[in-house]
Structure formats: structure tokens, C-alpha cells
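Listed after this line are the structures, all set down as C-alpha cells.
In the two complexes below, chain A is the common chain; its partner is chain B in one and chain C in the other.
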Partner chain A sequence: MSLLQQCACASSKTKESPTAVPYSRKHQTTSASPPQNDGLSQGEDNRIHSTMMSSGSFVPDTKHYELYTVIGRGCNDTAGIILTKHIPSSKHIAIKKTNLESCDIDFSVLQNEVILCRQLQHEKVLPILTTFIHDHELWTVMPLMAYGSCKDLIHAYFTNGLSEQASSYILRDTLLALEYLHSKGIIHRSVRASHILVAANGNVCLSGLRDAHSMIQRGRRLRIVHDYPQHFVRSLQWLAPEILEQNLMGYDCLSDIYSVGITACELANGYAPFTDMPVTQMLLEKINGTKPVLADCTTIADLVGEENTNQGHDSGIDSEATNSREITDLANARKFSHHFHNFVEICLEKSLETRPSASTLLGHSFFKHLKKKTSEMLPSLIQPLSPLTDISKLPKAQAGDVDDLAEDINNMSMEEGWDF
Partner chain B sequence: MPFFGSSKKSPQELVKAIKDQLQVLGTKSAKGYQTDKKVSEDLTKNLQVMKTMLYGSADSEPSTEVVAQLAQEVYNTGTLILLIKHLIRIDFEGRKDIDRIFANLLRRQIGTRMPTVEYLCTKQEVLFELLNKYEEPETALLGGRMLRECCRIESLTKILLYHEAFYKFFDYVELSTFDIASDAFSTFKELLTRHKMVSAEFLEANYDRFFVNYQKLLSSENYVTRRQALKLLGELLLDRHNFTTMTRYISSPDNLKLMMNMLREKSRNIQFEAFHVFKVFVANPNKPKPILDILLRNKDRLVEFLTKFHTERSEDEQFIDEKTYLIKQITELSGPKDQMEVLK
Partner chain C sequence: MADGDMVPQAMTLVEDEYPHVRMDPFISIMEDPDEVPFIIHRVDSNEIVYQPRRRKAKLIGKYLMGDMLGEGSYGKVKECIDTESLCRRAVKILKRRKLRKIPNGEQNVQREIQLLKRLQHRHVIRLLDVHVNDEKQKMYLIMEYCVCELQEMLESTKDKKFPICQSHNYFGQLVEGLEYLHGQGIVHKDIKPSNLLLTTDETLRITDLGVAEKLDMFAEDDTCRTSQGSPAFQPPEIANGLETFVGFKVDVWASGVTLYNMTTGLYPFEGDNIYRLFVNIGKGEYTIPDTLDSLLSNLLTGMLQTEPEKRLGIQQIKRHDWVIKKLSRTPDYVPFPPSGEEGDVYRSMSVVQYLEDLHSGSPSDDEEYDDSQIFSDNIPYSANNNAQPVVKENTIPEHKHKKKRAKSGLLASCKQS
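Moving on to the complex of A and B:
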């Protein structure tokens, strides 16, 4: 196969622009390609990120990709995210394979997500490099976010939450992404730790635009929207009260800010507020204006008080009790800055009039101490975790895995054909 | 009027500036197109100003008078076609402003008149310029969006359907890049389904050519093309506006054979979509002889096949009803021979 590969390279190179792109491009373009080798001295990952978008070098052809191991799941487990080597450039990327035969997939939603993402370009929004169909799977080629999602970080090590500084970088970058989306009239609608990804160099990207909604419709910018899709169920915890209320007042971009507040708690506490709470109770709490808080020594007394009253209704299981004692001890031992507490509080403002915009929040005192642009500090703040960069030891995906086998058997069992 | 920013351009000045900048960027020399960064940045800024004039800002509604002047100037100077032609030479964010500007101008209305639509009817090349964007990956999705805005207007749909260029869609929907191919399919579908009367007339008048091409989509190697084409076929045939087309389609034994084979495809989704086309053949009260013959030859097999077909869809009542109906119809099928025997 490698030989074939080289043949293809050699033949297509002659027609290419003089820039060093040693592999074929299916679509010939007339544009003067931007200079692609200007960033050699910069951080490798940054460069990949920027040139990946502009170069159009990712070809919709499976032959260009060598699949390694599954590193994540997406879309309700119907999609696998696979660590992949892009053969022409030897770069590591990620491919999301979505099984379109699965009945859980709403094809048009998937299509909208891809088409929307392809029209966005921002350092903090996860780009889609190319997409194509292979058998009954949709392959979405994306940069490798080697630390995984913030939820992965929490799962892997920071079960009691990330440090305030790590959280501040992540939230700052999330807000930068939202500032961009909101300026385009796009409401993200599912901001949560599992949709915030971290690259090896610490760059943070917002992903998960499946539920995103455009406020610009038919050549007019809507002031509010009333769209309440069915599959919101997974994100209920993070959604703003005005979305959950589903009333005529509608909602707008500021509803994402509420989700940022919930995500801030999720990052710092290690779990999202309202976890384990019955949906109706959560709804009531949100509508009544209950504001979740960061668990530390200044707030834990109130939190524990609440939890005890809650447990009165439940049958108090022992393990839960010890668990909550651990949380109490831990919270008592830490203290978040009042900037952080205030940040969360204003994000979770119930009233849309008082809730600040992404741009306003970026000027919040919580972010004052951060270096202007980079998040290269982030990897040092999430040690001992390390990014997934060495793939040499990882197993390669086997051709024809179990699914295919099952399918073959299915085919065999089919009756004889028709008589025409 | 604003007291600040007295440097504000009038709509005329703005359009002229944009046109001039486009002409600079669109000039081709021996070395290829100009890439003047300054011009490009200024153009993006001007487009933003234009967008704000049309949409208003957070705290001000657009002025009708300014919008009217702006639109008139855009028509008079032929700036629309230039904007679309040189889309790729405009930077990423500027391109999206063009999409917004286009959408806004298009829906402009003065009483019952739609000046931009009228303009486009006389400048049809704008529409085909948009269509051609599907061949330019960087701008394909934007072109598609603008084209779908046009599909909302009946007169523009008519122009697009009856033009030779319409048949390019059959290639575009098979492009290897999923997002572009599926965007093209959305536009294709929109053209064929939004304005029922227009598309019904079109399908009747161009039946042969259309379905020869459509056949290729149904047998495409691309799973998504096949599945989407099959689904759309079902929708088209079941739409009462397309009665004539449906009658013709279900009289062809080749079409029936194709659907029966698709019922057996390994993809369950394709099987399911094929069912919804197949049922029309069976439900037809006036089946031509060749169709009846095929059904009769496969009578027992079909009954057995349908009985086992997608039994897990126990909650889809409509599907179960339809399946039961088909099984009953097929069981009761009798050919001319059988009828003779009955008579004896």
C-alpha cells in the first residue's frame, strides 16, 4: 500500500502549487495558498492548528489515515474517536467515526453540525479538517486534543476538581470561543466540561456544536429564539433556566453564559451541580434562582446543610455518607478567590438583564492574572497528567473488527434473491 | 444621525469602495491574483459596515432609506455578481458577511415587490455563479447557503430547475467531501420539494432525463448518497402533486426490480427507505402487466420476506399497518391465469 501511496503523491504533485504539500488534493483551487511554512519556529501544535485549517491538506480518502486506538466516545456512544496518523504528514490527528446505521442518529443534526463547524474559524473552536463517508460511517477528521476533554481530566486524576488557575485558563478560553460564536449569532447550547478539549500544548478548544443554533435566520437577526430540541436531555444540568422554562420569553446567547457558570463549578468541584438530583427538582431549583457555588471552606457549611435536608428524603446509604464527609473535608481544606466566587455568581444570574456577555466576562478580575494570549501554562497546571503524544506503542486498529464480522454473518443469513 | 464617526461613508460611497476593492483583488496578472493585504482588510471592514447598515446593530434598527439607497446602488453597479465571483479572494470572515448581506437583500420587500428577486431574474448569471461554488471547496458551503435562500423564491427556483446547470447537482451530491456533498443534496432537495407545483411540472416535463440521472444516485457507491436519494424518491412519489410522475415511475418493471433489490441491501436504513417506495408499486390499483408478473413470480417469497421484515419496529404503528396491508395485497394477488381458472 505504501508504494501505491507514493505513486499517487508523485503524480499529483506536479499539478500542485509550489508550496510544499507532498500529497494530493482532490479539489483543485485557484486561490493563492497562504504561505504555510512561516510558523516553523512556533510551537508545533499551534502551527498544526493554524495550517491545518488553511492548507486544505486533508483529503477525504481513508488511504491517508492510519488508525490506532479508540481514545473516546461521542454522540451518545454512536461515535468512536480514534487516534490516527495522517500518513502524508506523519502528524497525529483524531478521527471521529460515526455509525450512520445506528438508529440513534438524527442524520440532519449531524449534517448541520458538520456544515456549521466547517464555516467557523477560531483558535478556540475545534475545527473539522475534512469529512467523508466510508461504508456506512461518517469520518470526521479533527486535530488531536491530546489531553482529552476537561471531563476526562477530572475523571483521570482531578476527581475533586481542577485548581483555580487551571480552571481560569479553561474558562477564559471557553469564553473566547463563545465571544466568537455569539458575534456570529450562534448559541452553543451545550457548554460543559466534556465539550471543552485540551491540546498537548495547552490550547483549549470548545467542541460539541451539535446542538448549536443560529440566531440569524432568513436574512434577519432574531433577538430571541424559541427552539427547544428533543435531544437536550443530556445537557439539562447545564442549561439555563430560561431554556428549561420553554416559555414565550425565549432565550438568547446569554444562556450559554449560565452554562459557563455551571461548567465553572464542574471544573472546580469535580462534578456538575445538580448531579443525582431528580430532573423536576433541578428545574424548580433553577427557576427559583438557586445558584450553585464552588465548594470551599467559605461555602461548604451551607452546602452540607442543604445536603442533610435532602438526605432526609432519601434512604441514607452509608457509602454516600462517607463520600459526602470526604467532600466536606476536602472543601474545608481549600479556598477559592473571591474573584472566582464572584465570576460563578454573575454567570448564574437568573435574569438575562443582569447576566453579563462573554466579552464583558473576559474583562472580569478573575482573569486579570492570566497571561494575555497563551494557555501554554495549562499543561504544568494539570500535572501529573500527560498528553497522548507517543503513539508508537499503541495498538493499531485491526481491519475488519467485530462489527464487520457480525455484519458478514447477517449478510450470509439472507435468503436467496428475487426471481425476475 | 450619529454625531460621532463623521467619516461614515454614504451607501453610494460604500458600494463604490467595495467594488473598487473587489476589482483590485480580482485582477489577474501573470503571477496570479493580487494578494494585497491592505485592500483585503479594508474590504472586510467595508463589508462589515454594509452588513450593519442592513441589519442594524444591537441598539439601532436599520434605516429604511439607507437600505433602499444601498440596494439600489448594489443593483446599479453590478456589485452582487462581483462579490460572488471573488468570494474566494475575500477573507474568511468577510465571506460570511457577504452571505448575510445577500440573505438580507434577497428578502427585501416593497409592498408586494421584491426588488432583489426582480434583479436576479434579469441577472440569472448570479444564480449560476452561486451554483458553481460547489466546485470550490473553500466557498462551497457559503454558496450553498445563498443558493438555498434563493430556493425560497418560486421564480428563482424555476430558473434554476430549468437550466442546464441543474444537472450538475447529480455530480455535486456525489463529491467525496461529506459536508459539501450533503449541502448540495440539501439544495437539490429544496429545489425539488419547496415549490410543489413548480417541481411537479418540472418532473413531468423532464421525466426521462431526470430519472436517468437519478438512477445513478440510487446505485451510487456512496452510502449516504444512496440513502438520501432513496428517501427523497419516496417523498417525491408520495406527494400528491407528483401524481403523474409517480404513475409513470411505478409502471416501470426496472424500477420495481431496483426497489426489490434494495429491500435486501445490507443497510437496514436503506431497506427501510426502499420499503416506502416499494409499497407504492404494490398499492397501485392499476398495475401494468409486467409489474404484476414480477410480483406474482415472487409472491410467496415476498410474503415470507415481508413477514420477517423489520419486526423490531413494533412501535411504529404506521409502518406495521402498511406492512400488513402489503402482505394482504400480495397474498390476494391473482394473475390473468388464475382468473381463468376461477372462471372454469
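Moving on to the complex of A and C:
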């Protein structure tokens, strides 16, 4: 299923009934217990993170990995993310298996992702521990991010958006990752909720570097680049207008900041802006300077006003009118701080001259109140969700049995999985 | 509003691309003035409002058409956009009627499609999709979008030439592209600045393989018999009318003439007519201006050798000191000339105006979408068409757009800034 469709269905579900969570109940009942008491303790998880980065213990050999179950799909559904036990250390990790024969993505693109990731080392960027090719599959070994992606959080429980505080922690860590990537001359180009992953201890990592583009070409750091990510149709909604325009102006690292603005709306509203329109219209809206906003009681009046004028042109949409009412009620019941509104507004500046950098944004008043580490705060802010850590209860899979595993995915609590 | 309506309709009639446009009542009056009394209204000049030309959305498969980029003997080249990936593309529109009038026209197109479909290289234009409309007798070749022709850039300068560093940049890329083509057993036969395109990041792409030749896989050498390239870029062996000649060296010569032209703004050989020109080329006498440094004139001399055997090969050119050496960009580097009537320095998408039409809210526009044409799924020009995806029809789900639009204002959480 394409992600765009997922977005569309997510938002439509929101409209139908805000209480119906498109998610299995099973997961929510297990989530009642606090995350620290789960199979994997927080301390252990922290240790994994610190040792994983430096340790050379992850050997490119399938014998070292005991595969459990598919917890997500990636790479246009030709890759499976598999919950795995690293046998020598008994630690839980994730392996992305990409079928190179059915994968429609150019091998060089996959190669680039690996080469790029292995040059990076930052707490907020998802590391690749090792990679190797087994039969016709590319195995990418990564730490387990037990809460899944922020999109999973939205799908699982927060269909109307995460709280402002949770969003601020997630966005701050995303900006920290971007500040690092940008200092290395790397443009991420697909910052979105499904590429922001949360570990069991609450640490936030940015992933999805397959679409990343280096501004350093032939030993020189370019001022602007023009490469159009034409194979990444799923991230179009998040792309900055200057990338979409594909003209001589080009773009740079600040284009990621626009995507942060869209992601902020996605986190807080529960759906990404421009979800429910054809991409051609989205392009037009972005070029014409349409700025998405956070939907709350301060903005909903404007949005509904627009809605009513639209309805003047179009009749016979009664069902949608009721949906709008529900959204209106929801939005009226909440209010985001003006810091958050301002943050979104400046991220979505159309002009590259006025759009701030990741470093500048980290000093924004929106983040002023955040003293603690994200990992200390986030798990409590996303309750009642709990991380996927109690592996002992999961069925053990046969190695290389990806196709069967894929069928199991529907029975799993983490339906949406990760999108790498 | 009546004035406003008239302007776009009259303009649209000029475009033969839109045969579905209804005849304007004003025009029918003009055709038959006896029937209706002709009343001339007096309108104050202040009341005349010039409306910008309304562009009508037109889709070929999944591609939305934009403005015209150029016009060749085969037909038009227009800008377009892939409505799924939003990637800018160019479409070469070929009319079979026109092709028949050109010697070998249909054959050349057929050959170009077959060649381009197999090729994939940074410095060779990519063919992405082919659409055929049997009813209109038209064929659409969807290609990569390039922002400018080298020729157009040359013409934008005062002396019709580039600074040395810029020529050096383009020439190096040309040689890489030629190396690939030759490695694929393809002789281009029509290398010249107007067949060299540049992308937004100044990557050179060799285009127009209409007269190119694919050597037989089992051919012993690169002997060719035919040439239809541009006269000023032809080597002596062709100017002298030899029956057979060494194919790859034809491209080397033409690249030499191209380099000469880029660096000096002149041609090594000229003539009032093609006969005189060929006589001059056949003699092989030319001069290299002393403004060029010795390394460059050495390279040009090597490439413009009358005897194909003495002429440099691609590998020798690649290793030539002038090609290897690093040149830093000088301030006189020629930028892309601004495009369109408005002189847009960024050469922005022309498709945006058509997008406005595609997504404009006025209900009266619906008829315009009747333009949807159903294409036959056969590609007559490609004998061994191994799966170029052909979208068979292009119906725009307009009703869907509309329904969605109704709630988009709210769900998208947008406001006009």
C-alpha cells in the first residue's frame, strides 16, 4: 500500500469517527503497563545504543541473527523490517531485508544509503550496524526502535495528533539530527513522521536517508543543488516548493526545514497537510504560497470560513460537512501555543532567505521550556502506547521466511510498521 | 466579462492542438456579416482590461502539457510535467503528416526511439515514454527535461562564444557522452551545439539521435555508408563524397568543430552554399585564431585532421592535456539566458498556468476535459518494444478532484499567506 494512500485513509478515519482507532485492541491492553517494566529495561536499551554505535560485534553473517517477525515494510514494499535477536549478545535489533530482485529501486540508490549512513555518527540519526547480501537479499542491521515511527504513534492512538509537548520533543530531536546532517552537507529530503523513529527509552532517531542528497560533489561543497528526487513519489507532500519547482534557483539544506514545518503539522494535526488532494494541486498550492497551519481554536475559524465558501461552489457534500464539523469541534477544543504556531509559520517560509536554519530554530522559543532529554520525557507523553519489546511472546520465525512473515504482519500489534 | 472571454478563445484557435474549442459567436458573425446587423460598440480605452492568456490543461497519458520549448522540422517540443512524480519533462510531438514529407523522416524517428530506449547515461538524453495517437496521427516522445540548448546559450552572448573554462566544462562532458555512445556501437553523426542540451545543474546531454547509426553487433569495424548530419559539421571524407568512412571519427570531427565554435564563435570552414562549404572542408584548410592557447589549438588540430586515420580517437582526446587540466571558473562565465516573454531568470515551469486551469473551481470548465484522448497501445515505430509503459487513456477524474477540493481547505489546514 502506498504511503499516500495510508495518509488518506488515516485522515478519512479521523473524520468518520474520532474514537475509532484503526488499530488492534490487543496492543492497547498490553500498553497499560509502563514501558520500563517491559521485557527490555530502559537501562539495557540505553546500553545497546551506546555500545551499538562503536561495537564491531555485528558480524555480516546470518547465523548471528534469529529472526522473529515482520514489524514493517519499506522500499516500496519490497523490503521487510524484521524484529531480530542478535544471538551473541541476546540483544534485540531490527533487520531490513530488501529483495534485490523484486526491488524497483536502482541498486546504486540502496548502495548510496548504506555508504552515507556508515559515514554518519550522531545520537539522533539511525545508524546502520552492518550490512551484507544474503542470497538475493540485502540485509541491513539496525537498532530496534521499539515505538516504531511517529506515524505509527499517530495511527496507533493519536489519530488527532500528538500533544504539543510530545511534538516539541520530537521536533527538537529531528532538528538536532538535521543540524548534524546539514553540517555534513547532506540534505535529507524526506523528513516526515514516518521517518522519525522512537526507541523504547524514548530516544528519537531520524531515518530514511535513502533519499538524502550530498551537496559535496567532486570534492567541492555546492552552494545549491538541482537534483530532483523523482523516484520518491511518497514524500512529495513534504517537499519544499523550491525542490518541486525544479528551476534554476535550485535548493539547499533549508529545504529540509520546510519539511519540518509540514511534519510539525502532521504530528500535531494527526495528518499531513495536502493529504487529500492530487499532487498536481498540492504543487499549485505550494507555488501560490499556501501555508499549512496547526488546526486549533485560533485557526479553525479561518479554515472553516474557507470551507464554507468552497461549499458555496459545490453542493451535495453533506457527509463531508458533518466530518468538517467533527474536525471543527476537535480543533476548537484545543489551543496550541503561539510559539508553536510561529515555529510552523517560519519553517514554512516560501523564501529561502527568510527561512531559518536548523541551528537557529533550536533556539526558538518553542523549545525554551524543554530542559530534559527527550528520552526521559517522551515515553510518558505518548502513553498509553508501549514499545514493542516483549519478544518472548512472539512466534519465532524461520530464517529467510520473509514471505510467510509478511502474512503475519496483519496479526501483529504494530500494523503500520516502520517506513525506512 | 465578454471582452475577457473573447481574448482567450481567439488565442486558442491559433493553437491547432485544441480542436475541441467551440467557435466563438463573435467569429461566426464576422464570417457572415449580412445576416446579423453589425453593431460597433464604442468602448473607452480605460475600460479594456487585458487579461492574461488562459491556458487550457491538456494531458497526454499522465503528462500535463506546458508551453512550447522549440520547434523542429519534425514538430514541436513542449515542456510537460509527470502528474505522478511532478518531475519536469519535455515532449517531442511528431506529426506523421510532417514526417512523411521529410526524406527518411519516419525511419529516422523509428531508429531514434529504438536507440534511445536502450541507452542510459548521464550525458545522453533519456527517452522515458512513448504515446501514440492514431486518430490525430501524432506521436509523443516523453524525454528528460533540459533547461537550455547550448546553441541558445551561444546565441545569447555578444560574440557567440563561451569563455574557455565554460567550453572546457561542456567539452569534457561531451567526450564522456560520446565515449559511452561509441562503446554502445552507436555513431551519432550529428554532433553540434544545437544537439547538446543542459540540465538545471549544467549537466550536458547529447540529444537527437535521429540520424545516428547503430553498428551491427558483429561488424568488424565502424564503417558507415550514410550520413545526414548538418553540413558545417561534416568531415572531409563525407564532404568529398566517399562511399564508406570510419564512423566514430565523424563524431570526433564534429566535436572538434563544436569545440572550435564554442571557443571562437566562428566555424573552421564556411561557404556561401553547401557546395562551396564542402569544397572548403574537402581541402581541409583552416586557421586557428592565435587567441587560443597552444594546448587547445593542438587538440583542435588533432581533431580536425583531414585523414580520419590521423585524427585523434576518443581515448586520446580524453587523455589530452587540455582536457585533463583543471580550469577555474572565470567571471565572464555565460549564465542561462532568461526564458519567455517575462524574461524569467530561473526558467520556471510553464506548466503552472495549466495547473491553474486543471484545478480551477469554475464549473463551466468541465467541458475542456473532454480533450481526453484514448491512445492505442501499439507503438508502430518500435519493433522490439520491450515494455515502455504506455498509458492507454487519460481521463482526468475531475469529479474526484472536485469532491476532494470541497474539504481540502479544512483538511489541508491551509491558509493563503
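Note that in this section the second predicted complex is superposed on the first by the 336 of 420 C-alpha atoms of A that agree within 3 Å, B and C clash if a C-alpha of one lies under 4 Å from a C-alpha of the other, contacts with A are read in each partner's own complex, and residues count from 1 in each chain.
Just so it is clear, contacts are C-beta pairs under 8 Å (C-beta built on N, C-alpha and C of every residue); 3 or more make two chains touch, one makes a residue touch a chain.
From a predicted model like this one, the values you see are computed outputs, not experimental measurements.
Set against each other, chain B and chain C differ in how many residues of chain A they touch, and the higher count belongs to C.
Once the two complexes are laid over each other on the shared chain, residue contacts for A:Arg118 go to chain B alone; chain C is not touched.
After overlaying the two complexes on the shared chain, residue contacts for A:Arg218 are found with chain B alone; chain C is out of touch.
By the touch criterion defined above, A:Gln281 reaches chain C but does not reach chain B.
In the superposed pair of complexes, A:Gln383 makes contact with neither chain B nor chain C.
After overlaying the two complexes on the shared chain, residue contacts for A:Ser90 are found with neither chain B nor chain C. By the touch criterion given at the top, residues 26-27, 29-32, 56, 60-61, 100-101, 111, 114-115, 118-119, 121, 128, 130-133, 135-136, 138-139, 184, 216, 218-221, 407, 410-411, 414-415, 417-420 of chain A touch chain B in their complex.
Residues 64, 81-88, 145, 147, 199-201, 336, 345-349, 352, 355-356, 358-359, 361, 363, 401-417 of chain C are the ones touching chain A in the complex. Residues of chain A touching chain C in their complex: 11, 15, 225-228, 230-231, 233, 236, 244-250, 265, 269, 271, 273-281, 283-285, 287-295, 299, 302-304, 306-307, 310-311, 313-314, 317, 320, 323-324, 327-328, 350. Put simply, chain B touches chain A in their complex at residues 32-33, 35, 55-56, 88-89, 92-93, 96, 100, 102-107, 135-138, 141-142, 149, 152, 176-179, 182-183, 186, 222-224, 227, 257, 260-261, 264, 266-269, 294, 297-298, 301, 304-305.
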